[in-house]
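You will see chain A twice below: alongside chain B first, and alongside chain C after that.
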Partner chain A sequence: MRDKILWILAIAAVALLTRDILVMVDLPPEKMQGAIFKIIFFHVPMAMTAMAACGVALIASVLFLVTKNFLYDALAVSVTEVGLAFLAANLITGSIWGRNQWGIWWAWDARLTSALVCWILYASYLMLRRAIDEPTQRATFSAVFSIFCFIDVPIVIFSIKWWRTQHPQPVFWGGGSIPAGWYAIALWQLLAMLLLGTVLTMIRLRDEESQREIESMRRMAHAF
Partner chain B sequence: MEFFRQVFVIAHKDVRAELRTKEAVNASLAFALVILLLFSFAFDPESETTREISGGLLWIVFAFAGALILNRSFARELPNDCLDGLIAAPISGAALFLGKALANYALVVAVELVSLPVFSIFYNVHLGAQLPELLLVLALGAWALTVIGTMFSALTVNIRLREVMLPMLTYPILSPALMGAMRLTTDLVLGTAIGKDTVMWLKLLIGFDVMYTAAALMLVEFVLVG
Partner chain C sequence: MLIQVSPDDITFEIGRLQRNYQFLSYGLVAAWIILVAYVLMMVGRQRKLQREIAGLRAILEDKRR
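Then we have the complex of A and B:
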């Protein structure tokens, strides 16, 4: 059953992505930026998907601490890894755009810095997991750390507003001026990215469960 | 009331144990001095620009030197299974955490108070003008460092690569607080009082302290007991 859902979601994600890319190809180049502006249809939805992943990781971590059900731990690690990949893609697409428009790969402006801090935070979550062998301890400690990370995200993000910023002000839902049709593309693209994220998380989750199963079988074999 | 008595007992025990050996404080102070020396090679210590980044330098010194104290906080309890004894004692995890955090705080602040005048002499920085506000920023920043550091000291005490993991986990989480503390300290060292532009950084520091103290007190039980 779960495999069927996975396949349906995967096909939907690929179909939606293909459709979005075809629509984007047809868009005329922007007056100031040329064709590079189209990167925003990946850049912004990827950031949002990464943020959604952070939220799911928080919920899964809290649920693990409350229920001690290892399924939530597996979900937390899966969704964090996928979110980290999306955030990395967000940073890379932003960097490509910055090279093209600003002439530099990286600017230490607050928004970039905060995205990087978030990336490092969740990367150290994965590092923490690797340093702990005992499964219950690993799950508990990383759940606590994940909650700490999540508290940090809004603080990091709000400090943007107080630091001078070079990053363009948000064009979607931030008072920017863009043609009306672009919202629709951005929203469809957001849906595509969320679907893609869900599919990847589900695959990773299956991985994690098999891993746990193998470990418990190994322990049983040692016991005899 | 009972809770605070327990906190005090733990804090008192930790400070007394540290004062007998002075191992963490001495190491931390020596380390702070070494970093201050190394900075003098990295930047021209006489120049005006060094004063403009002095807040950043100072907080890097505090954060690095503080990590040495925080690393010892729970690791000290490992020999003779003292940690198990503390966890089994009839006190809550929150009291144990808060007691340890207060002891660490005293030590971190002590190291800061010693390295501050040294820094001021070496780098020709005048602290006098805004001293009370500077001490306030120092106190708030030190608490942020302590509360995060003590929590992660408990988290990493039993895991592989403890010494590496603690800074790896602590500094990224701490980054907004460090940003605020660095910004405020630089302004205060340059003689600018906390004004309309910078008061939000002070609020950020206070908010950070309050939020993470609350989060740590709520979650520490999971870390200590499981």
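Then we have the complex of A and C:
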């Protein structure tokens, strides 16, 4: 059943992404920025997917601390890893856009810096997990650290409202502008990225299940 | 309006458009490379875990006998 759901979601994600890319290719260059503006169809949905992943990791971590159910720990680590991949892609696409529009690869403004700090924090979460062998201790410490990491997420999201930044205002629910008709394409692309993120998280969850199976088999092997 | 545009302006505009497409392709390629590399990493890890499970199963079977 889970395999079927995974396949359906994967096919839907690939179909949506293919459709969006074909639509994107046909779009004319934007008036002010030219063709580079189309990077928004990857940059913004990837950021939103990464932030959604951080939110899911927070919920899963809190649920683990409340219930001590290791499924939530597995979900937290899986979704964090997938979110990190999306955030890395978001940072790199943003940097490439910046080089073209600002003439520099990076600016230490509030949005860019807080997003980089967010990436480093969640990467540290994954490193912390590798440093602890005992499963219960690892899951508990990681859950607490994941909750701490989430403090940076609202800072990333609202930094462009709280401070004057070089980063443009948001296209969704903000002062940024997007050509008429492009908004719907961006929303479809967001849906495609969220689906892709869900599929990758489900695949990553299997790794965690296999890892737990290995740990229990090792314990059995030692018990003989 | 058209008269005011010099050949230099047109050359500059063509160069700007070309750079735009060049950077757009860099961005898209970078985004896809990251995601594909991550998927390949997951597939590799899954294979390694499956091999480990098979090895441990064999050890447990031996010990049971």
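Throughout what follows, the second predicted complex is superposed on the first by the 213 of 224 C-alpha atoms of A that agree within 3 Å, B and C clash if a C-alpha of one lies under 4 Å from a C-alpha of the other, contacts with A are read in each partner's own complex, and residues count from 1 in each chain.
The rule we apply is simple: a residue touches a chain if its C-beta (ideal position, glycine included) is under 8 Å from a C-beta of that chain, and two chains touch if they have at least 3 such contacts.
No experiment lies behind these values; they were computed from the predicted model shown.
**Student:** Is A:C149 touching anything from chain B or chain C once the two structures are fitted on A? First, second, both or neither.
**Tutor:** A:C149 contacts chain B only, not chain C.
**Student:** Contact-wise, after the overlay, does A:I203 reach chain B, chain C, both or neither (first, second, both, neither)?
**Tutor:** Second partner only.
**Student:** Between chain B and chain C, whom does A:V66 touch in the aligned arrangement: first, second, both, or neither?
**Tutor:** neither
**Student:** By the touch definition at the top of the document, which applies to A:I8: first (chain B), second (chain C), both, or neither?
**Tutor:** Neither partner.
**Student:** Name the chain, either chain B or chain C, that contacts more residues of chain A.
**Tutor:** Looking at chain A, the partner in contact with more of its residues is C.
**Student:** Touch test for A:T136: chain B only (first), chain C only (second), both, or neither?
**Tutor:** first
**Student:** Applying the touch criterion given at the start, work out whether A:L126 contacts chain B, chain C, both or neither, answering first, second, both or neither.
**Tutor:** Once the two structures are laid over each other on A, A:L126 reaches no partner at all.
**Student:** Go through chain A and flag every residue that touches chain B in one model and chain C in the other.
**Tutor:** none
**Student:** Enumerate the contact residues on chain C facing chain A in the complex.
**Tutor:** 16-17, 19-21, 23-24, 26-28, 30-31, 34-35, 38-39, 42, 45-46, 49-50, 52-53, 56-57, 59-60, 63-64
**Student:** Quick check on the complex: what are the chain A residues that touch chain B?
**Tutor:** Those residues of chain A that touch chain B are 65, 117, 120-121, 124, 127-128, 131-133, 136-137, 140-141, 143-145, 147-149, 151-152, 155-156, 159, 162-163.
**Student:** Which bits of chain B are touching chain A when the two form their complex?
**Tutor:** Where chain B meets chain A, its residues are 148, 151, 155-156, 158-161, 165, 168-169, 172-173, 175-176, 179-180, 200-201, 204, 207-208, 211-212, 215, 219, 222-223, 226.
**Student:** Under the stated contact criterion, what part of chain A meets chain C in this complex?
**Tutor:** 29, 33-36, 38-39, 42-43, 46, 82, 85-86, 88-89, 92-93, 96-97, 99-100, 196, 200, 203-204, 206-207, 210-211, 213-214, 217-218, 220-221, 224
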